[in-house]
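Lettered A, B, C and D in written order, each chain numbered from 1.
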Amino acid sequence: MNLIKPLTLILVFIITASAQQNPCPTASKFGPDDQIGNVNYITPAKTLAATKLVTTGKTYRLGIETNKDTPAYPPRTFAVTIVQPGQTGGGSLGPTKTTYNDDMIVGWAGVGTQLDGLGHIGIDGLYYNCNKASDFAMTDGLKKLGVEHVPAIATRGVLLDMAGYFNTDIVKEGTAFNRAEIEGAMKRQGIKSIEKGDVVLFYTGWLKLIGKDNKRFGSVAPGLGRDGAKFLASLEVAIIGADTWSFEVVPFEKDVGVFEVHQILIPLNGIHILENVNTEEMVRDQAWEFLFTLGAARITGGVQSIVNPIAIR
Amino acid sequence: MNLIKPLTLILVFIITASAQQNPCPTASKFGPDDQIGNVNYITPAKTLAATKLVTTGKTYRLGIETNKDTPAYPPRTFAVTIVQPGQTGGGSLGPTKTTYNDDMIVGWAGVGTQLDGLGHIGIDGLYYNCNKASDFAMTDGLKKLGVEHVPAIATRGVLLDMAGYFNTDIVKEGTAFNRAEIEGAMKRQGIKSIEKGDVVLFYTGWLKLIGKDNKRFGSVAPGLGRDGAKFLASLEVAIIGADTWSFEVVPFEKDVGVFEVHQILIPLNGIHILENVNTEEMVRDQAWEFLFTLGAARITGGVQSIVNPIAIR
Amino acid sequence: MNLIKPLTLILVFIITASAQQNPCPTASKFGPDDQIGNVNYITPAKTLAATKLVTTGKTYRLGIETNKDTPAYPPRTFAVTIVQPGQTGGGSLGPTKTTYNDDMIVGWAGVGTQLDGLGHIGIDGLYYNCNKASDFAMTDGLKKLGVEHVPAIATRGVLLDMAGYFNTDIVKEGTAFNRAEIEGAMKRQGIKSIEKGDVVLFYTGWLKLIGKDNKRFGSVAPGLGRDGAKFLASLEVAIIGADTWSFEVVPFEKDVGVFEVHQILIPLNGIHILENVNTEEMVRDQAWEFLFTLGAARITGGVQSIVNPIAIR
Amino acid sequence: MNLIKPLTLILVFIITASAQQNPCPTASKFGPDDQIGNVNYITPAKTLAATKLVTTGKTYRLGIETNKDTPAYPPRTFAVTIVQPGQTGGGSLGPTKTTYNDDMIVGWAGVGTQLDGLGHIGIDGLYYNCNKASDFAMTDGLKKLGVEHVPAIATRGVLLDMAGYFNTDIVKEGTAFNRAEIEGAMKRQGIKSIEKGDVVLFYTGWLKLIGKDNKRFGSVAPGLGRDGAKFLASLEVAIIGADTWSFEVVPFEKDVGVFEVHQILIPLNGIHILENVNTEEMVRDQAWEFLFTLGAARITGGVQSIVNPIAIR
């Protein structure tokens, strides 16, 4: 083993030197302490403008249900257990005979409609803003980039109806959404622009498969492609979502890495991702631009959050 | 044991007869299938009007953090566990070396900022809209009144600064908020009315105790009194919340049952409750009237939901 | 409601009077503080005698595996999660580069081979030794009759080969084992007696169905009948087990209540039950009498315990 | 980055060459498929001989209780939850009014008395018998070396009373047990030999600290030292245990790595470890040699197992 030690030292030296020359590839444009990425773009002015998009007051609940049957990325599971503490055998509390149910959750935060936090995806252990997994990803919770840091989100939402664009009910798996498809869908829907701080949601009809063909639903999907991800990142959007489990196109495009679109958005651009976002009713109403609000449960050190965003138009 | 059976039969007869003469005391004014109560009052018109309250675009994140140290009603506990599936020993996926963190939640839904669903509280086993616990409260999830039914909520919010009203930092435990206190606080803050479909939030300063005196925090609290609950119910508000674990005043008022205020609101009036709602910053900004939005994670059959409501003004 | 209160008072009076006249039907013969029932019969003399049964030193592992695919009584589930705390990204501890795996269990104690504790089954809320569920069955653990009280068990074991008795591979569901069948099997195997403090195990071949027909496995079974239970109780055995999920015969015999055999054994006679006990190899070896040992994990307040008893002959 | 690749290749070459010259350091003497290590030494002849040690029939329950207050290595936690499925509001099943409690376990297998399986500890990702963590340590269970493989254990047990040897109630933390101390204790107790396939248990009195000084209990301990581990490994014992959380001495001896004693025993010698083994009563009875039996719950892919071994003398 005599040779290994000196070689390791040389290696460490080279890597260190290299690190000093090249800035960390996931460095935030919002500074070394930033933990929320492009959500920073959602300023009060942006929020105020978004509220002006509301013209009817109709609200949309974008979350799907989360339960033991919700198809999820293995080995994710979910269960809720109902208990009646202190009421065994039919007891109750006090003169007004109060009874109550309580519930325990035992499951993964990545089941159902979910927000991928900035601590979810990395590049060989390097996460958003130069954070290394070995430094922050502790077994009892992320010490940085946890979902508890996500601010209240209220901003302009844009819905891209890809099923309409492809003139189909359910867009075929493996269909990549890149710049041409995004701009094509915008044009078809009369959406003039995608702007800094926006939330962009893709509709594909894919959620219709749940309960009908869970295997197909959970193994492949249409979705954002690599160039589409770079295009939307260049527009400085805050969050991108889709009505699929994978968000990005699966099978991955030729020469695209495993969940590389996630890497482009989350660690490299500080853009949060939403999965399994149900926009079915919005498509029926042609609700293309709207006020989007999201308050993710603030579980300290959580990677993801089971969410239920709201659209108001 | 010969005597018991006939007596039981008589008893059953009396109760049955009584039930036929008097309608079920928790019957919904929205019909026999209703599962959401006064949230029904949040119509598009109501939502549209509420969006007009937004003048600055400033958003407020009303959730506190949920973790193993968050004081909670016994025996509630909470833990998050971070894993890196398929990456044991430093592995990664594919050519772009994707790494990822995932998280498991093992805990109770009643830890941190929480929405009490209409299946939470009953009167001797009778819950909202004549639902009996034995019929719907199954161990693997509520079959009715689960939090998955709560619609997207966007409505007018009103914040009552009770600490300001009592001219103190933290309102003393056992202080009941009844009609006089509610109207007094409204007058002091210049709030003209509380309206049908509103969300009413009480600020007491109580959350300041977390981490400083968890025992006091979790054993007593100021809060809504019985007559205050009846007064707000008469105004047909949709949701009432507070910045305490108990929402209602503890110790309970003289002659008031154990969590009777919860009973008045949830089963008897179909009014959801929010607990541990952090309105500290809103009080600093005197943000008394605002657009309130809430999307509760749609856990099928869940009793409560860990939430993070958003206020926009 | 005027009539109900006086009637209730009368009822309570009658029940109380009745309780004073008749001793509690689940009272222990080992005194009012007893929590272990017939396991009391396993004295050092009994254990010493049982060790004399060992003639070859061959050991048998009687537990089946417990995992997410193990068929279990609904809504029971089971999962294990492996983590490597502090080693994210391939780290290790100290100069000798220690790495380690740890495991979390999230599941029900009634999955796989299990010991039913004396707190498992009751008669209308009345459990072993006059304990009422409302007094001891708290949500965070049984306050009495928990599995932590079970002593070290080392006693004579007797295996009844019911498949051999019925000359079949797998005894048919609904086949009840009563006195005639028990004595018939004993005679066939040359077992002279079943004695006070013994553990009696039934072999039916039923475990062969796991993985082949889980639905049949988990919905019906051959097993002990009501009179067989009373017969074995009269012999004052300590524990009775079987290689089925239900232990007792399902469908239940005519006029026998739901899991009434469990009631006869556990609350009424203080006899523990073992389920899913794998005695396949013992039958092949005709290991009819043996030293049986069982140390159940001492989970405080646990109802059941996932076990792996050992037979030595 | 040009330099790194060639260097890496050189490094890989050196390590590979080294691996070809030296067999894998954790290779099993029982062959490439072995998953149980020295437990192989527990033959029927060994078991039969051990049963001859029983002279009184007195049994000892060696497990401590496992619950939320049991001090455990961070971030390990434990909780049991009791439920009454289908009995909400006081219901029961069938004509004999069957009621039942069930229990969920949510916790880590390393809380309380525990068996460290051969998949627990590794050397830079290399585990027992040349198994690499990246190959077998999956998030949903170990694919090799899981506790489900541990056979029924019935063998000679030897108890070393180190508190007696040091003439104290509780052996001081940091006290290492090496060859001199082990042989000294044996001599004092009149134990002539430690043999192949034996289970060796150390008594230190350390468990007396639980509930009195949990911080001291869980941060340091007396225990086996490096040379003592090598000595016992040379005797080819099957399992070694102690009445401490760490089993080995903490603080570690000078120049001994982090849990290096675990490394010597588990991956390098295939010797299982038992922690928190309560031998208090055995010391009182001077039960130095005995029949030791252990059936670990067979949780598929489990790393550790909460156990309750039995001693019979």
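Some observations on this one:
Please note the rule applied: a contact is a pair of C-beta atoms (placed from the backbone, for glycine too) under 8 Å apart; a residue touches a chain by one contact, two chains touch by 3 or more.
Fair warning: this is a prediction, and the values are worked out from it, not measured in the lab.
At the chain A-chain D interface, residue numbers used by both copies make up over half of all numbers present, so the two copies contact each other through mostly the same positions. Comparing B-D with the candidates A-D, A-C or B-C, the pair whose contacts agree for more than half of the residue-numbered pairs is A-C.
In whole angstrom, the spacing between the mean C-alpha positions of chain A and chain C is 47.
Per-chain Cα centroids separate chain A from chain D by 42 Å. Centre-to-centre spacing of chain A and chain B amounts to 27 Å, using the average Cα coordinate of each chain.
Taken residue by residue, chain D touches two or more other chains at 68, 75, 79, 81-85, 88-91, 99, 102, 104, 106, 125, 133, 137-140, whereas all remaining positions touch fewer.
Contacts between chains leave no pair untouched here, as each chain touches all the others.
Remark: chain D residues 42-51, 54-68, 75-76, 79-85, 90, 92-110, 112-113, 119-125, 133, 137-142, 148, 151-154, 257-260, 262-263, 291, 293-312 touch chain C in the complex. Chain C makes touch with chain B in their complex at residues 1, 3-4, 7-8, 10-11, 14-15, 18, 74-75, 81-84, 88-91, 99, 104, 106, 139-140. Partner chain C is touched in their complex by these residues of chain A: 68, 75, 77, 79, 81, 83-86, 88-91, 102, 106, 125, 132-134, 137-140.
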